[in-house]
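Chain nomenclature is as follows: A, B, C, D, E and F, assigned in order of appearance, with residue numbering initiated at 1 for each chain independently.
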Amino acid sequence: MKDKTEKNETLTHLDANGNPSMVDVGEKNITTRTAKAQSIVEFPIDVANTIRNQDNATKKGSIFQTAIIAGIMGTKKTSELIPLCHPLPLDKCNIEIEWINYTEVRIISTAKVTSKTGVEMEALTGASVAALTIYDMCKALSQDINIKETKLFHKSGGKTDFNR
Amino acid sequence: MKDKTEKNETLTHLDANGNPSMVDVGEKNITTRTAKAQSIVEFPIDVANTIRNQDNATKKGSIFQTAIIAGIMGTKKTSELIPLCHPLPLDKCNIEIEWINYTEVRIISTAKVTSKTGVEMEALTGASVAALTIYDMCKALSQDINIKETKLFHKSGGKTDFNR
Amino acid sequence: MKDKTEKNETLTHLDANGNPSMVDVGEKNITTRTAKAQSIVEFPIDVANTIRNQDNATKKGSIFQTAIIAGIMGTKKTSELIPLCHPLPLDKCNIEIEWINYTEVRIISTAKVTSKTGVEMEALTGASVAALTIYDMCKALSQDINIKETKLFHKSGGKTDFNR
Amino acid sequence: MKDKTEKNETLTHLDANGNPSMVDVGEKNITTRTAKAQSIVEFPIDVANTIRNQDNATKKGSIFQTAIIAGIMGTKKTSELIPLCHPLPLDKCNIEIEWINYTEVRIISTAKVTSKTGVEMEALTGASVAALTIYDMCKALSQDINIKETKLFHKSGGKTDFNR
Amino acid sequence: MKDKTEKNETLTHLDANGNPSMVDVGEKNITTRTAKAQSIVEFPIDVANTIRNQDNATKKGSIFQTAIIAGIMGTKKTSELIPLCHPLPLDKCNIEIEWINYTEVRIISTAKVTSKTGVEMEALTGASVAALTIYDMCKALSQDINIKETKLFHKSGGKTDFNR
Amino acid sequence: MKDKTEKNETLTHLDANGNPSMVDVGEKNITTRTAKAQSIVEFPIDVANTIRNQDNATKKGSIFQTAIIAGIMGTKKTSELIPLCHPLPLDKCNIEIEWINYTEVRIISTAKVTSKTGVEMEALTGASVAALTIYDMCKALSQDINIKETKLFHKSGGKTDFNR
């Protein structure tokens, strides 16, 4: 019994009966909250070659630009996608993409809000949608693209700050 | 010049000017197409303990059930999220979640359609949204949850079948 | 055991493990399918007076016209709202609203598709959204409006026809 | 003339020309506002038997859990569905479902916001979407399921409190 | 070099690398902001005749009422449609439509918010969606309908007021 | 009387009572249908200078690329935005943007489907959303940007072909 109570306290998204339930943020403080998340997309070497050559030829970086737009729009859809997320009036969200070695790009997704609850899920959703978009635009080249290490690496403005 | 032409042929989502462009599927055959993708969610051991205990106590499996629903609904939103995906009348999509070791769950996402184009992105999007939902429901417990290995492992009904 | 199997056969939206799952319609026949559903909105007499007077004064019928538009747009959102509904390319949907006595209006919602699966949920969702819209536009007048008897009354084109 | 003015004052969602118009809430006070609404879903006795047996067998309560998730997500979509509703940053919404006799379940939908306008429509929409989801998951068993008595039963934080 | 810096300062929606980026409004003041935009729809004379006759016959003004509803709902979708727009909790939005000469209607779209950023795009999007809806409802009559002069004509509450 | 009947036949989106109603396309032929529409965005000369300089400096064309993505995604949202449009499984949609003189760009939006009904509204909606996106990205520079001449210029695959 005691055990069950403890569990329900920590699994904040379940109610006393174990059913899914949105957290009530009504009494929480309004602060400026920021979160940063990443996804890493790993390409087979041939795919990396093709993307890098195309980018050099046209300077447009269309694959990454499309992913940036999709990631930003995906960030704004977080509360539509994740059942227990609150709809939030974001102050800003953005996506940056950089090569971290010859075959891997890192997507950095930032979300910021002045609100009662944090934006970790917004940052993570933005990174995931940007990663999926890169996958989509390159999938004709290979079935071995891998989206790896989608995780949070910075959070501020809530009860505890966090930096990886 | 020749080089550039080749690149534009393989990067199917860019037009002759290097701008993003949806592939024309008008002339492709209507076939039954299936895709299966996965995401793996890795928990710190304390989080794994809590989820497993909660599930044993209530039998409800609410976290996974919520993720299943979110993943199915996310699959149906693929063409809204991924800019160059076609809207498709899915025959079926579903999500299964299983523990593959003490601290990791594997999400298996299946999408099926009778259409002119495949459903890899639908399967991948469903897996990602289910993974993000699990993350959301457990994020109060830890900032070290990691979504890893989102990738395709089965595809049939298109030009070439694929199985990992 | 036998019992459980039977149950899972009839509760078509649960898989063998009791988890929610979309029905696979891949092998079903493409036919013209129609469904009709209704909702009845019951007003306190003062509210009925006000709506009827307003309508007589302006001839515009703005409350009902707004509800018709909202119902049609809601019908098109069915697969976004109901987790296990298939996205369907509707041939038509429409909403009619009529007074059935001094204080009650009946919303009739029709959906039609040429597809592998039926449109009951589309018709029911359209009726519900139209009813909620009428409620919204009159709610400043009373807290006693009641949406009652949302149900199916016609279905054709599937395995068995149905008429109430 | 006087008559017409009065009518337009009470039918708050119509402008001076009788056209639909969103209420301006710009000058209203920001308060914590809560609303509770219900829908009752009435099953034929055979359907009630099947749901109750399935639930006893698996403990999962998947039908109700799916409806809870759909209802929460539907609540968040209120301003997309109901033309003249304001988009609101909800503090919380949730859905509870309980058997009130052998053949009827009551869905209780709660919405809460700190804002300039109330959340009656959010609570009502959440209840309706949860009810439609239960209908969907059981519709293969019968065409006689009925959604009845969708209505408001509690409201606080606005000009006048209300409790049924 | 200096030149480039200047350009990036003015093109506020591009970051230092020239990639699209949402403006950070976190530090801006919360004020009441209003914007008004218009679209003009120009009909061939036969189409104007038909609309005017139909409207005279039924008093319903269904084409304009449908456009009003669509415009309001479109206004609320602005941040979903325009990649770098912030999601905003609108205080009000509305659409008015008037004949400005025998063959042209003017759509006036107003949006109002108490927020850190303005609502020009909301007003413009509402006008555009209303115009497209009028087009849709009349397109069977002619392929020569033209949507012209979608532009801003009033803005207040931000750094500088504006009136055309 | 006769007159009224004629009008309702031509205004295809109104029913016999003058209420808005979706056209039933159930009996129409499935053909390959294409539509092309345009919007022209007219900039003040200073804005044209800034865009042209930025584009020369970075080669990225980020404003137009963002508009292309937004236009494609907007095209896919047509049936969500325009109340009486059918949801359609598009074969392709795309957006091209070109300078037609020093201060004006022309957006060309193409939509293609194999279906029972045409895609004029899809093409027009895509052009409008792309135009609004360009407006958004340049609006900090001037309040005098104008979206003009949104119109259809090609249609094929339906009852009658059309080319401007």
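Keep this in mind: a contact is a pair of C-beta atoms (placed from the backbone, for glycine too) under 8 Å apart; a residue touches a chain by one contact, two chains touch by 3 or more.
These figures come from a predicted structure and were not determined experimentally.
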Candidate from E-F, B-D or D-E with the same interface as A-D, over half of contact pairs in common: D-E
Most distant chain from chain E by Cα centroid: B
B-F or E-F - the one linked by more C-beta pairs in contact: E-F
Numbering shared by both copies at the chain D-chain B contact, with half separating same from different: same
Of all other chains, the one whose Cα centre sits farthest from chain F: D
Rounded Å distance, chain A centre to chain F centre (Cα mean): 31
Chain centre separation in whole Å, for chain D relative to chain C (CA means): 15
Multi-chain contact sites of chain B, meaning residues that touch two or more partners: 19-20, 58, 60-62, 65-66, 69-70, 73, 77, 80, 83-84, 87-89
Arrangement of touching chains [line / ring / star / complete / other]: other
In contact (per the touch rule at the top): chain pairs: A-B, A-D, A-E, A-F, B-C, B-D, B-F, C-D, C-E, C-F, D-E, E-F
Sites on chain B touched by chain D in the complex: 58-62, 65-66, 69-70, 73
Of chain A, residues touching chain D in the complex: 15, 19-26, 79-80, 83-84, 86-89, 115-116
Footprint of chain A on chain D - complex, ascending: 32, 61, 64-65, 68-69, 72-73, 76-77, 87-94, 96, 112, 114
Residues of chain F touching chain E in the complex: 3-4, 7-8, 10-14, 17-20, 39, 50-51, 53-54, 57-58, 60, 62-63, 65-66, 69-70, 73-74, 77, 80-85, 120-121, 124-125, 128-129, 131-133, 135-141, 143-152, 155, 162
